[in-house]
Amino acid sequence: MNSLIVVSILALVVLYLGLFKAKNALLPVSVLGLVAALVLAVCEWNSGAAPIFSGMMHFDNFAVAFTSLTVVSTILILLLSKQYFEKISENVAEYYTIILFALAGIIIMVSYHNLSMLFVGLEIMSVSLYILAGIKKRDFASNEASLKYFLMGAFSTGFLLFGIALLYGASHSFDLSVIAKYVTDHPEGLNPIFYAGIVLIMVGMCFKVGAAPFHFWVPDVYEGSPTLITTFMATVVKTAGFAAFLRLFSICFAPLSDFWMPTLLAITIITLFIGNITALFQDNFKRMLTYSSVSHAGYMLFAIVALGATSSNAIFVYTAAYSLASIIAFAVLILVKEQTGSENFDSFNGLGKKNPFLALVVTVSMLSFAGIPLTAGFIGKFFMFSSALQEYHIWLVVLAIINAIISIFYYFRVIVAMYFKDAERKELVSNGYFKLVLGASAIITVVLGVYPSLITDLF
Amino acid sequence: MSLFYLVAFLSILFSLLVIFTKNPVHSVLYLIATFFTFTIHYILLNAQFLAVVNFIVYMGAIMVLFLFVLMLMNLNKDTEPVKSNLIKIIGVIAGGALLVTLVGASKALQTSAVSAGPNSEIGLVENLGKVLFNEFLLPFELSSLLLLSALVGAILLARKDKKTQNG
Amino acid sequence: MDNITATIQVVPLNHYILLSAIIFTIGVIGVLIRRNAIIIFMSVELMLNAVNLLLTAFSAYSGDASGQVFVFFIMALAAAEVAVGLAIIVMVYRNTNSIDINVLNRLKW
Amino acid sequence: MNLLILLFFPLVGSIAVLLNRNYAKQTALISSIITLGFAVSMLCNFEADASKQFVVDLAWMPQFGISFKAGIDGISMLMVLLTTVLTPLIILSGFNRTFKHTSALFALILFMQSALLVVFTALDAFLFYVGWEAALIPIYFICAIWGGADRIKVTYKFFIYTFAGSLFMLLGIIYLHLQTPGNTYDLQAFYALNLDSSTQAWLFWCFFAAFAVKIPIFPFHTWQPDTYTESPTIGTMLLGGIMLKMGIYGLVRWLIPVLPLGFAEWKELALILCIIGVVYGSIIAFTQKDIKRLIAYSSIAHVGLIAAGVFTWNLQGLQGAMIQMLNHGINVIGLFFVADIIINRLNTREIALMGGIAKIAPKLSITFLIVVLGAVALPLTNGFIGEFLLLNGVFQFNIWAAAIAGLTIIFSAVYLLRMYKNVMQGTLNELTGSFKDIHGSELVVLGVVCALIIVIGVYPQPILHISEAAVNGLIGEVNSKLAF
Amino acid sequence: MIDLVWLIPLFPFIGFLICGLGRNVLPKALLGGIASLAVIVSFAVSLGIFLQFDAKTAAVVNLFDWINVGTINIPFAFQIDQLSILMLLIITGIGSLIHIYSTAYMSHDAGFGKFFSYLNLFVFFMLLLVLGENYIIMFIGWEGVGLCSYLLIGFWYTNGEYADAAKKAFIMNRIGDLGFLIGVFVIIATFGSSSFSAVFPQAQALVSGDTTLTLITILLFIGATGKSAQLPLFTWLPDAMAGPTPVSALIHAATMVTAGIYMIARSNILFSLSPVTMSIIAVVGLATAIIAAIIALTQTDIKKVLAYSTVSQLGYMFLGLGVGAYTGAFFHVLTHAFFKALLFLGAGSVIHAMSNEQDMRNMGGLRKKLPTTFITMLAGTIAISGLPPFAGFFSKDEILAHVFEHNVVLWVIGVLGALLTAFYMFRMMFLTFWGSFRGTEEQKHHLHESPAAMTVPLIVLAILSVVGGFIGVPEALHGSHWLANYLSPIFEASNSRLGELSLSHATEYALMAVSVVGVIIAIAIAYVKYVKNGHVPLADSEARPALAKLSYHKFYFDEFYAALITKPLDALSGFFYKTVDKSGIDGIVNGVSKAPVEASKGFRLLQTGNVGFYIFAMVIGIVAVLAYSFFKF
């Protein structure tokens, strides 16, 4: 809770800093504020026994963990923003503000205990993202991304709301525990609209996390948005989406899994295949990453499909691993694009020779994406497979394996380009922040891969 | 009772006109009419305060904004390229299918009767205010974040930028 | 007022659900068949209003005010979305001189 | 804690190599020799008749029943010896070659050694899997960075193929884990499982996929010739000498004892595939024009026989497989190194362009001949011990299988002598006229290889003794389960 | 003394090491000396053992445990009995002579040291073969001599054809070896051991015609056909003449090729209990004898004639084994070793004198120039032709007598073969030593008798060829047949089952008379044709009558094998590689990997970039999800 307050106030402070043209203070203040929020969040570990504010919010360990994760990711992303935003326009403070607003929405999303909170948090985040996607105002791609995201987001919100309304109609409450009680009190003979509500909410959440067939916005929006914003979307936003998704389903709908699970299973499988297969034939690295993001959404859905005791953990580990890897990949992409003006795989050619460090961290990131052992990504996949198998979804895992194999094709293209293809290029210069973020992310990725116990027994 | 059906008919009629009218300005006007019928529905449902807010917010603020933008862009003519009939038909079919499944999912499965009796008092300002500022205080407060972020964002995006950007 | 309420009571809740479903679907169809971004957006508003109506109906029938409170939040969202959405549309229009969504197909494949 | 030192010392060496760039080769060699020293000291303290020794059991992810548990029994000891003996040879074989990014290459080799040692000693399924995959990464980079012209495509295929197999194994491992009481990944708990035969039947294929690709067993082998050919020889040696033994080791340690009923159901099919591989690989090797490709196909034939020996699951077959794993490692390293020497000097892999080298390179011709003889399993060379036991094992299974598998005795002579003749004998030509005989580190490597070939061939009993008790134990374990 | 048996193979092994390592360092004289000495010392030890050994049972000397896996226990052990002692004597004795001979013969060769190291290594392996206490140790020697044969045939490896001949020898041997090996597996599976001392007593308990025994013996016989150049695996032996002539004498005439006979003789009890195999052996042996003899009739290369003659004689030995004449067969091994080694060495002497000319069409009239060679070779030729009292007569007669008792038809064919032998051997003699010299002037100028190191072994062997037969004079000729008595412990069990020769003396005399008369007639024909009429075989290019052509081209065996085995296998190899592996399996693999890429090309088109379509797809998705949920639920 405290971290939510800190982040909200921080956003306002940053906005004022912008007003006073204190440009150089923006980043330090934001980062320090976020660190404070992180500390405050961690301090609430094990303290959130009951929901607070009339059951609006429950800052339990789940919330603490995901808050921390998203805050950390945000810090890493902000550290990359030093020069990035300044190149776009002068309104840097507003960008920080909106990112921080989005983060506030995300903190609400991971800690809600009432559907109204979910709704408000989700919309704070979404509206902020619509804006962030479009901050390159003269850039067609950015415009297009923004408008597409907005139209489709608003459209999907309608379904989410319709679902919430139906749930309310059946259970007469927005409170998660009341809804859960409603479910358990009526072992047979729930109001049929409740089921419809579940499906529609599922659709809405699937849209937010980018699961097929509601994923269409993902590639276009991710590609069109400024890369740093894409990073934010792919990491923090995705994490939050899954946290919210899981929270709702594990608290309220777990007993009804027979009803929604087959549907979600089908969605998972479609998502895996669409994401992976489409990613294969991309020449644009960024677009490849967007499709890969879709496919990773598929893997993350495993935790919800196979809802159980380890689901939270699995999602947490997976999103952490995925976030770190994404941050590395996108960060290097920013650098590469700055130099070559292209986001294609070819622009990575010869990077291994000129910038061994960058090539190494990208390699770590790609291995983590691909789920190779000794990286965090493997632990994530391992957990997902474990939880799916726990529920005896053997075929799902087999399909997931096929997808993991396909994914090697495109993840290794980067590695191949960096190390095995030569190109005339100069050494990339990156500032200290980049090195810090890249190094830290890579090290954490490997450390988590080697000794995952650090985060695997949180819940 | 028949009033409900009349208003319901009008709601449907106007909303259909919204989407099938070619001129955007007309669409907006039909949308206002639709929202007006909704206000009547709220009154019928004894949600007076909501009716008022709906009237003010939607018809007062939102619709004006729409109109304003349309005028700004000089889109009051029927300039929209028509989508092919095929797409329209498919769209209608898809929508119809959605309706059928939605209704099938909710209604056709025999909704059980509403248990609690209607409380005529709940729609009043006093009651709503109590609920809003007790139970729903937090989301209410947080909505400010939503509005603030929208405010900042709208200005950020809609304002003409002096600095040219690229890349 | 009581009189009206009593009248309303004769209307089954299901009819409200049906009405809002119809309106909602009309909104969806609008989104599907139009190419003008603003009209699409208006159709989305139609969908949101259908939800509002549904929530109000549920609220009234169950005697629970929270549904109506929720409608406020939706309205707040609607306001926020309109602000942002129209800003985006204006921004796009400024660059492309069009608000036809079919023009927006540079990002694909 | 001794075992931990053995397992992670190569990693330390790997870092040392990176830090000590100017003496990368030397550092790597010293590191690998020290590792060999550790292995030998463990061998001295090793009791062949006892069960697991030097066990380490550290908490890793206790909430998932994962621990860092490793130990050595006779089978593992042999594999550890294989790894630690061959690695210095492989490193030494790179001594008078120049590589770009030398330190990276040798660091990767040492990293791989560490992963291999983990695989061969792991007593926890998760650890095994992690080691299994961890070994794949360095070899991928070794092959892809230092390989031939077509390396990118080929290594892609190699990586994806093997990765595919191992993911199915992961599926199997997790599934088994969930069946264990108390949800653990402990090997013993896996052994104690009593799954019904239909479950075991499909699980068998999960594991088999991983192992069959790695070994490779026909028809999962098509990555192998290309990869062996395109890889730098140092990588080929790692692949053929040590890495493919992971697959066979996996069969022995993880597949058959864990899934005895699945094994019982599929062993005929598996054995037939292995034997097809023997004949098929041999026949293809007949007309290969590329020297490395020829050796690659011959390797398919040889390891097919080893795998067949495992699937017979009798003492002779298994012991033959054990010792033949070692032998094949030695022989294949010898063969590939000779091929590398020749390719390096002639700048071609075409056998047809070679000839007459024996005349001006007597040392090479003798060592090459000894290696060839080892590979064709001439008595008093190491190859014979293995093939004799393997064929005997297969014979006990089925005489016709033995007769067909035994064709390798003839076929290997055909293609290897054909190769020897075309490369070494006949008349010199313009290309081979200026061939320089081997010297220095090349001589050391081939000398050691030849010495091992003969010593093991003449006095194999100590090596057979190392693994006998462990093999017997495993056989007993499986047979007791099959009896019910 | 018997405990020192391990010294016998040790000396040649040491010789091998010294010659091998010192081949470029030590002077030639020393190398030759060491190598010869090593074998001579071995001979001395063997002789000592021969003199000392008089036990009825075999003595076993255990060295160390070689392979010990479960029930398979294979000790590295040697066995001494009458059979192995005689073989030891032949190997080391003739080996010594040939070593001495080689010091002169090879003196100008660059690979002198290498040659002697190989030769010593061969002796080592051959000794292992005969000393082995079990089939596995025998197999070591068995393959080891194959290796040495390979090395020595390919001694002049810079000649591609020679190298090919070496390879061919090794591979054909290997085909047999596989049979042997599987036979050993069956033995181990049946008797639980591979030791002779364990196998044979158990085998005696089995009934005659036991299927397993038949299987074992057939497999072992397959092994023997490879090593001893019998049909269908004989074609390597003539090609093996590519090696230096002393090698042909030692390996491809006297010792290695008789390993098959030794092995069957060693396992006689197994064979005696398998009448089916016995018949097969007899038929195969006889067929080999006849076919090889026919081929020898038209050969023009002096060594090739001898090679086919060797094949033919080996065929006789197998014929003998096949009819149960173990002693006779072994007797023939002994005598054949004497006279065939002699003939080869003589041929070597001729070749040496003719400056490496081997074609008899270019020889003639050498009688005067090479008197010692001529005399000794004549002795050998008479011996092989089977004229009494030379060695060949007794051994061949014993075999034929047994054959006659067994089956008259076989006997007739056998005698016919013997006549052919006499004919082509004398043809060789007449072409080489009679008539006028047909070589070049230069060759004529260089003609000289060989040095003593070469002639002395010739003389020794000639003497043995003349008197060697007396160790086995049959009763019919009032002899005691020392050999039969000496070997009786070995063949006791078999003989008691198969029965002794029961021909009357009169019949025996008649048989001897028939063959002797036949041989004389054959020699006479040869004399008329080649000396009287001075016939010289046609040049290669000229057309021959059909039968002669068939014979000259060795019945097209090589071509037949090439067409039937080599070429199809190579074609199969290409087929497997290109069609099955590359296009088939790898094609599937690549196809599987291509499928997602192709799918990707289609899938990405879904992402049209059109929001309308996206929303449409979403709606369809929602409808589908709703419908799926509710129809399923």
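Chains here go by letter, A, B, C, D and E, matching the order in which they are written, and residues are numbered from 1 within each.
Criterion: a contact is a pair of C-beta atoms (placed from the backbone, for glycine too) under 8 Å apart; a residue touches a chain by one contact, two chains touch by 3 or more.
Bear in mind that the values here come from a model prediction, so they are computed numbers and not experimental data.
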| item | value |
| --- | --- |
| Chain B to chain C, fewest steps along touching chains | 1 |
| Central chain (distance from its CA mean to the mean of all protein CA atoms) | D |
| By count of C-beta pairs in contact, the leading pair of chains | B-C |
| Farthest chain relative to chain A (centres taken as mean CA coordinates) | E |
| Most remote chain, CA-based centroid, reference being chain D | B |
| Where chain C and chain D are represented by their mean Cα positions, the distance between them in whole Å | 66 |
| Distance from chain E to chain C - Cα centre to Cα centre, in angstrom | 98 |
| Computed distance of Cα centres, chain B from chain A, in Å | 30 |
| Inter-centroid spacing, chain D versus chain A (mean Cα positions, whole Å) | 42 |
| Multi-chain contact sites of chain B, meaning residues that touch two or more partners | 83, 87, 90-91, 94-95, 98, 102, 105-106, 111, 116, 135-136, 139, 143, 146, 149-150, 153-154, 156-157 |
| Shared-contact residues (touching 2 or more other chains) in chain C | 13, 17, 24, 27-28, 31-32, 35, 41, 59, 62, 64, 66, 69, 73, 77, 80-81, 84, 87-89, 91, 101-102, 104, 106-108 |
| Junction residues of chain D - those touching two or more other chains | 160 |
| Chain pairs that touch, as defined at the top of this document | A-B, A-C, A-D, A-E, B-C, B-E, C-E, D-E |
| For the chain A and chain C complex, residues of the former touching the latter | 115-116, 119-120, 123, 127, 130-131, 134, 137-138, 140-141, 143-148, 150-151, 154-155, 157-158, 161-162, 164-166, 168-169, 172-174, 193, 219-220, 223-224 |
| Complex interface listing, chain E residues touching chain C | 604-605, 607-612, 615-616, 619 |
| Contact set on chain D toward chain A in their complex | 59-64, 129-130, 132-134, 136-137, 141, 144-145, 151-152, 156, 159-160, 163-164, 167-168, 170-171, 174-175, 177-178 |
| Chain A to chain D touching residues, read off their complex | 367, 372-374, 378, 382, 385-386, 389-390, 394, 397-398, 401, 404-405, 408-409, 412, 416, 419-420, 451-453, 456-457 |
| Of chain C, residues touching chain A in the complex | 13, 17, 20, 24, 27-28, 31, 37, 40-41, 44, 47-48, 50-51, 54-55, 58-59, 62, 64, 66-67, 69-70, 73-74, 77, 80-81, 84-85, 87-89, 91-92, 95-96, 101, 104, 106-108 |
